[in-house]
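Presented sequentially are two complexes of chain A, the first with chain B as partner and the second with chain C.
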Partner chain A sequence: MVEAGAWWTLLAAPALLLGLAVLAVTTDAALTARDAGRPVTVSAAMRPLLAVPRALVAQPRRMPAPDRVLWRAGVVSVPVAAVLSTLVIPFGNVAVADLSVGLVWFNAMEVLTWAGLWLAGWGPNAAFSLVGGYRFLAQGLAYELPLMFALISTATGAQSLRVGDIAAAQDGLWYAVWMPVAFVVYLAGVLAFSFLGPFAYPVGQDIAGGVLSETSGVDRLMLQAGRWLWLAAGAAMAVPLFLGGGAGPVLPAWAWSLIKTLLVLAVLVAAVRRLPVIRADRYVEFAWVVLIPLTIVQTLVPALVGLNR
Partner chain B sequence: MGTTAAVLLWALGVLALVGGVLVFTLNSMARVTFALLGSLVCVGGVVTVLGLPYLGVVILLMMVMEMVIMAVFMIAYMMNPAGLMPMSMLHNKRGALAVSGVVFAVLTTAVFVVPWPDRPRVRPVDTTVQVGMSLMGDQMLTMVTLGFVLLATMVGATVLATHRGRYDRFGDDLDQRPAHDPAGGGVGR
Partner chain C sequence: MDLTGTMLHAAAARPRVLVVSMPGGAAVRLAAERQLRLRDWPPATTPAQADLLLVAGPLCPYLNPALERLWQNLPAPRARAHVRTADEVLAALDAVRARLASTAAQRDQETPAETDSRPRHDRRHEQSAEQDGTGGHTSQEKAARDGEHGEESVPDRGNGRYIGSGSDHSSRKRHHGSHGREEKKGDGGDAHEDHQGHGGHGGIEMPGGLPMAGQGEDRDGLTLDRLHVPLGPLLSDWPAGLTLRLVLQGDVVQAADLDEEPLFASRPVESFWVQPWLRSAAGEAVGSGEAVRRRAAARLDSLGRLLMVAGWPAEAMKAHRLRDDLLDGAPAAALASRLERLARRVGRSRTLFWLTRGLGVVTARDARAAGVSGPAARADGDVAARYRRWLTDIRHDVARLDDSSALDPAEESPRGRWDARQPPSAALVALLPHLLDGTELAAARLIVASLDPDMDELAAHSSEGAARG
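Now for the complex of A and B:
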């Protein structure tokens, strides 16, 4: 049974999330080095982390007439929302706050990224970054509804919005096994709200980096960190939602949570590297014509099972 | 109600009011939209503190999406390009003042006229279930009717707004594949 953690979990959860995000980034860098034929060394893996001190001392880029307040608000809200989403994710048998509406909380925090990225695009008063912000909204309209139905499937199966109850309800059979559509759509959603890999459209190369194009220094660091923090948070949330939480033989619950999270994170990093960028207008049609009907039918399955019980 | 809840309630209430005032004093469409969003998020917080966490968090969830989409449309259809020129949010000042004054008076009167229960009753364990039961239990017919009306409105509005029918897309014999669309879709219809 999941219980609320002591006060120090409030600090431990963001630290753990940061650790997972750094691990994802370094793995990605190591794989890049391997693909490029360079030696896979510790320094090759650590290379992206050099951007952190560089960003901290970088001279900020100034634009004419930026909306500084909204720009800052947007840039900060992306990583902050990622960290806040982890409040309800149980690690083993402990969550920072075991809210009765934890699933909705996670969803709400993820939607905050919509506002954050649009503001990050609007703030600098530049065309390409604004196009990037609009692109994220178009992408959001495509990924959000299937993602919501995927989340609703798990809540319907457990008949609870509490994340701990959802993990506990999978005693014996994981939701990933009998709700495969919801699981895949959820993983795609994680990539979409991290705007990484196939969903890197808002920061596309064709618009000079989109929402990232005018940011520099700490601002850029915040947005980049926010992406990988979201990827890690999404991987961690997949475990209680679809992979039975901390349940497993021999090892303690926290170890199983960690192992499963790392596995999901590895799958996501591989997907980020393998898949091409999808244009939002193409994904919108696919999402509305194919994914929404599929996920609605998927939601019907646990509803019928629940009625039969 | 505990002290923490009371303090939170007052803080969120004041912040919601400040956001509401900012909506009419700021002169940038983007800032106005996000001031309104801030205000509504505080309202969501108030609802949560009052013991309805589901409704509170859903208000936060829906309002963020809604306000961001609204910002896009408001800025897209502004009189000046991109809404970058400073502008006032006040229109029809006298009429608006009259309407808001009457609404405020009615709501304030209602606060004093409504027979509130003397003693606080025992709060149910899970208010989310209570909300669900009262919406989908007694009011099932209302909700189903409402759902169909809303869906019909959305479909109807989209059909009226689109200027391309199926004959434009699929040709006179409806056999043109893929469809002749100005923008290609993802599933090749």
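Now for the complex of A and C:
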């Protein structure tokens, strides 16, 4: 059973999330080094972290007539929402706050990135940045509804919105096994709200980095960190939702949580490199014609099972 | 060592580099990209993201104002280098990184800025305006062209990465308007009056004194803002020297015009990719194997660029690495397995096919009519058909690397049959405006990348023409 943690978990959860995000970044850097024909060493993998001193010495950027307040608000809200989302994610049997509507909390934080990225695109008053912001809205319309149905499937199966209950309800059979569609859609959703890999459309290379194109220094660090923090948070949330939480033989619950999270994170990092950017103009059609009906049917399955029990 | 110094030093260990390729700078760009890959200095796509500005190739006077604006847009700490030949790349990179890491060099650079109390963007505009003022007739021409846009005034939404037609005009006005009153920060009113005369937007206060975007009907019958956004000549993953002036509504291209500035007339330029053909035409003995190697590398370069635009940096990196190895003279056996993997992963990617299908269709008949030869004509189809054609061609070429027979002039050059008077890239460029009409910005970029004209071929042609005329 999941219980609320002591006060110090409030500090431990963000630290753990940061650790996972750094691990994802360094793994990605190591794979890049291999592809580029550079030696794959620990120091090669750690090199992306040099972005931190770089951000601290960099001059903040001003554009002609920017919307400074909204720009800052947008940039800051992405990593902050990622950190806040971890409050309800149980690690082993402990969550910072085991809210009765934990699943809704997670979803709400994730939707905050909509506002964040849009504002970050709007703020600098530059064409490509604005196009990037618009792109995230189009992408959001495509990924959000299937993702919500995927989340609802798990809640329906457990007949509770409490994340701890959802993890506990998978005693014996993981939701990943009997709700595979929801699981896959959820993983795609994680890539989408961290706007990485196939869902890097709002920061596309073809529009010179889109939302990221006018950011420098700390602003840029915030947005980039926000992406990887979200990836880590999404991987951690997949464990209680689809992989039975901390349940497992021999090892303690926290160890199982960690192992499962790392596995999901590895899958996500591989997916980031494996696919080209999926443009929203093609993806929206696929999402609305294929994914939404599929996920609705998927939600129906646990509903019918629940009624017949 | 002080804290700032330590930080500067650490940050300079992995600088982001904005590589700007000048006409005729392909060889330098390739050498630089190779070094950046091996050193893990990530490429930047905009000045905001960059620490270093690396200008590759001989300077082109026409591009100087654009370069200067780029430089003004780089946030400090920053450093720039100009590399004329491929041999200088190594030394230049080391020197420029040392300058980036040095507290003293960075402070020197900052001194004039600290005495200036105005906001940074004002300074930037003023400096770019001065640059334009010294630019002679080019800037005059530009201003004249701005006037032609008529009621659709151009807001400065672009960043310094591009030659922004609107920003030059308004910044010059602003410069004159605020000259000598450096201490007055809130001079928006004066600038605004300037714009009233210029844009005629009534009494509405415009943010930052920028003109508003004009409106017009889009393809769906909605009234949307029209933005004039130039693509190029200095854009990452873009044919160096190509400039397209787009009218955007949302991200839909309503009109695309080629900018036919006399970009190269000032000096002769030799296209790196068709060198074997040029030398063969000049009577030198050139082996087929060498030409085929150059051709395969050119197509890998194009493929890498397309993959970058398609948002697949992991595979683009592999294509670029193969390209560099080919240019290094690696034997076919050393490349075969990696090439095979790339061809499989990219050529058989259902996702990439789904995303590029139906974009920019050029049928074989259209191609013939437009004078296009080479892979774009043989592909007979959309973007997907073209990159698959490239992959097939590259595999054939790599099998022929050891061919030692003399180069047959009929052998296809990277972009098509070589003809000095009618370079194959000219036909590709001519196709663009029509193909881009009504596409989305992302699709437009993919179409350009899938044709990937080599602007140096045109430059060689125009300079030849100038020499003859």
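For this structure, a couple of remarks:
We take it that the second predicted complex is superposed on the first by the 309 of 309 C-alpha atoms of A that agree within 3 Å, B and C clash if a C-alpha of one lies under 4 Å from a C-alpha of the other, contacts with A are read in each partner's own complex, and residues count from 1 in each chain.
Here is the rule we use: contacts are C-beta pairs under 8 Å (C-beta built on N, C-alpha and C of every residue); 3 or more make two chains touch, one makes a residue touch a chain.
As the structure is a computational prediction, the values presented were derived from the model and not from experiment.
Because the two structures share chain A, they can be overlaid on it, and in that overlay chain B and chain C fit beside each other without clashing.
Of the two partner chains, chain B is the only one touched by A:W122; chain C is not. Of the two partner chains placed by superposition, chain B and chain C are both touched by A:Y134.
In the superposed model, A:I207 lies in contact with chain C only, and not with chain B. In the superposed pair of complexes, A:L161 makes contact with chain B only, with no contact to chain C. Of the two partner chains placed around the shared chain by superposition, chain B is the only one that A:V111 touches, whereas chain C remains out of contact. Of the two partner chains, neither chain B nor chain C is touched by A:R68.
Touch criterion met: A:V284 reaches chain B, while chain C stays clear of it.
Of the two partner chains, chain B is the only one touched by A:E144; chain C is not. After superposition on the shared chain, chain A has more residues touched by C, the comparison being chain B against chain C.
Angle at the C-alpha centre of chain A formed with the centres of chain B and chain C, after superposition on chain A: 100°, rounded to the nearest 10.
Once the two complexes are laid over each other on the shared chain, residue contacts for A:G37 go to chain C alone; chain B is not touched. Figure legend note: chain B and chain C, brought together by superposition on chain A, show a least Cα distance of 5 Å. The residues of chain A shared by its contacts with chain B and with chain C are 125, 134, 278, 281-282. Interface of chain B with chain A (complex): residues 28, 30-31, 34, 37, 53-54, 57-58, 60-61, 64-65, 67-69, 71-72, 84, 126, 128, 183-187, 189.
Remark: chain A residues 31-33, 35-38, 44, 47-48, 50-51, 53-54, 56-65, 125-128, 130-131, 134-135, 198, 200-201, 204-209, 212-217, 220, 273-279, 281-282 touch chain C in the complex. By the touch rule above, chain A contacts chain B in their complex via residues 67, 69-70, 73, 99-101, 104-105, 107-108, 111-112, 114-115, 118-119, 122, 125, 134, 137, 140, 144, 161, 278, 281-287, 289-290. Across the complex, chain A is touched by residues 4, 6-8, 10-11, 13-14, 37-38, 40, 45-46, 48-49, 51, 75-77, 119-121, 125, 156-159, 161, 206-210, 227, 229, 235-237, 248, 250-251, 307-315, 317-318, 321, 349, 351-352, 354-355, 440-443, 445-446 of chain C.
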